[in-house]
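Below, chain A partners chain B and then partners chain C, in two separate complexes.
Let's turn to the complex of A and B:
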């Protein structure tokens, strides 16, 4: 038996400190999806704002508080546009806000949308921080999912940074060869081909080599997928995980029923 | 799913993400975040394009679930690209440019609808800046959202189709021959 044997199924992820990182890989997915749905189901303006508050508290409590700061940076320009587009340029009765006279309905709409964006961005970035590709693959294998779907997601997440790095190299290489991509929009448009084409052509040439590597591992063989894979270290799906997932699903269902009943009562 | 498709799709999705970085460096008012989807559809047919588009949105959605709402646009573009490839629409640069503009109109109209219904005109900063500008000069919000989406999408998709046609035309026959749709897409 190898000295580098995989840890037992119950062991936490190495280096994982927060609840989000220790949770079963499906749990953060379900929670983030529930937040996205609740953001649109809860009535504005205060429903989404309250949801954002809850998500911020959850992110802090589960060890992915850094996601809240990153989400803030993502949301700030969008919040500014919401304020301009709906508050300043919105229609209907105006309210005084210091030297400005803002649209009352527009402000309410902007507040609701700002809450939605904040909640969704924080939950999504929290999910991204908690996501560990290998644990996700093991969890999918333990559930008996077909290999292709989780492989696609994980291979994509690994290919993204690789190609982004290569994109930077292509840009540097073309600049070294004298490509100028500043100036007028037309000049920048002309630089698009020399920058994008080498990246795309290189990536496609690589497809062949990688496909061959998968074939030599028997992926294209007849009957592949007929026998379920056995993960060495499947993430543990605790009662707490199941409780959180069912709780999130029930919260969405309750909000949906509430909205439908409120809509029928208003008719 | 064949191993070749299983490698092509993640690569195409990663291209959707990486080309955006190059375009941002050039400071152009486009996204080109469907190049991978178009390539997959033109090389391997509608199924590959649709899976690439959906996986792209799911991966983008890991960073912000807001993008999941635009998944139907990726599906629409993948289906259009496959149909255009089947009709040899990538056989020359001007042809691809024209098809791209038409697909841009369709995609712009569809994304304007999603943008207005779910996000009230505020999504990515580039298109939102155009929407705010149009709103500022007197257009109503629905008009500003539709116009901004159409303007950005027509330019974006025309350029994306052009770049995909140039890529397909530059690919060696050895590589083209491995993908069932590619030779037909460029009219060989």
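Let's turn to the complex of A and C:
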């Protein structure tokens, strides 16, 4: 039989439609990290809010717009809480907002924090959507990195979906044994016990089994740098990728310098 | 299809145990109790015993995983392909030369292979093989286990039987000198079981040592060259599979025999019992 030809290095990722999925795997990481840093470096309230706007536009333009919708659902309760905590209950001069009289400083703080959370959540979820473990490991191998660090990162990122899948199986198994999951939040909370315990114990047992399996598949050799892992299909690092990464790093540096200078001037 | 290259003739046993005793942490008795064995290259060895007999533990110890990852204590001597699998130097020497197949194929998947190709290429890539060699080895291994058509599929979305074949192919791609298999056909259909049996015979013919821990007497009766029966961590019988399986002692000292032998014994036939359907028909048809 003729050996199966691995996809060419320049071929797009199977099923990838957006720029984020086609990009070099390090690029979304660097962008997400830069967003997290900028969210705290940019002055509030409008810095983080503007950053959130940029991140939303980026997510939509690079094919991970679904991450923005998910992040919005995650952030909404938090935003409401921030509004109540800082805007309604905050101290200082009040401003009229319809029938409400809200704290001006509290509103500014709530807006800044909402922008930060929105930007970070969207960038993180976008990163997860764009993440392809094998491409990331190939990129790391192509750089000659020891295998265990990227593998640990990948395994950690993979743990969420795997646990969710396992939780579904455990829940189904417990339902067939009479567990009733539904009704009020309190009833759902009570039903969590028989799901969480087998989930955690099963996950722990799986760790042992998987560690043993991986040990016999050369992970020890590559993991500790004794052998350089062969990249199966090293992703292409284009000039555009490098430009985006350097741009993100420079933006962080510029924001940092700006804040330091502003801080020194204020003293 | 070209088979993997033959291994150089080896005089030393592929797996040698001398008074090997192993106990898991907190266990009340030894999982392996003064086991002395020499398993040779070029043969299929079958470890047969009921649950708790120590068959799986012996494989883990041979792979260097027990007690290093499981905890516990191992005394006596154990050499895998002439190296000490517990020592760092030995593990380096054994990397890629020992294939361990555990009973749960889903847990043997790397978890990072997006396709079956990447999954089977995982170990060769870790060992730093050139990409051309990896492609050839993966293609051949997938063909041997008749799963070449799955090459673009996601491993996690395969059936249990398909995952089992992919895991076996992943090990075959390494062309190991020593196979350690724990219930390798547990998730397979009849065709898959036959294919696994054929490949393991091919591997032994290539010069690899094959060690299988299994209760699947129906599959292994005509695959194994040597049967080692364990009970409570001790070797209680060691010899030709057919001779041992057809006798009465295997029912008292061991875990039993093939389905046909069980039927014959239940029907009151005296030993030696028939072991296969064909033998059973011949025996019952005899005047």
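Methods note: the second predicted complex is superposed on the first by the 202 of 267 C-alpha atoms of A that agree within 3 Å, B and C clash if a C-alpha of one lies under 4 Å from a C-alpha of the other, contacts with A are read in each partner's own complex, and residues count from 1 in each chain.
The rule is short, and it goes like this: a residue touches a chain if its C-beta (ideal position, glycine included) is under 8 Å from a C-beta of that chain, and two chains touch if they have at least 3 such contacts.
Predicted model only: the values in this text are computed from it and were never measured.
Looking at the superposed arrangement, the partner reaching more residues of chain A, out of chain B and chain C, is B. Of the two partner chains placed by the overlay, only chain C lies in contact with A:132; chain B stays clear of it.
With both structures placed on the common chain, the touch criterion links A:155 to chain B and to chain C. Within the superposed three-chain model, A:184 lies out of touch with both chain B and chain C [touch as defined at top].
Contacts of A:171 after superposition on the shared chain: chain B is touched, whereas chain C is not. With both structures placed on the common chain, the touch criterion links A:124 to chain B but leaves chain C unconnected. With both structures placed on the common chain, the touch criterion links A:230 to chain C but leaves chain B unconnected. Contacts of A:208 after superposition on the shared chain: both chain B and chain C are touched.
Contact with chain B, but none with chain C, is seen for A:84 once the two complexes are overlaid on the shared chain.
On chain A, the surface patch touched by chain B in one complex and by chain C in the other comprises residues 151, 155, 158, 162, 206, 208, 210-212, 214-215, 219-220.
For chain A in complex with chain B, the residues that touch the partner chain are 32-33, 35-36, 40, 74, 77-78, 81-82, 84-86, 89, 109, 113, 117, 120-121, 123-125, 127-128, 131, 148, 151-153, 155-160, 162-164, 166-168, 170-171, 181, 185, 188-189, 191-193, 195-197, 199-201, 203-208, 210-212, 214-215, 219-220. Residues 1, 60, 63-65, 69-70, 91-92, 95-96, 98-100, 102, 104, 107-115, 117-118, 121-131, 134-140, 142-143, 148, 151-152, 170 of chain C touch chain A in their complex. For chain A in complex with chain C, the touching residues are 1-6, 14, 132-134, 137, 141, 147, 151, 154-155, 158, 162, 206, 208-223, 226-232. Residues of chain B that touch chain A in their complex: 1-4, 6-11, 13-15, 17-19, 21-23, 25-29, 32, 35, 39, 43, 51, 55, 58-59, 61-66, 68, 118-123, 125, 128-129, 131-132, 135-136, 141, 159, 163, 166-167, 170-171, 175, 178.
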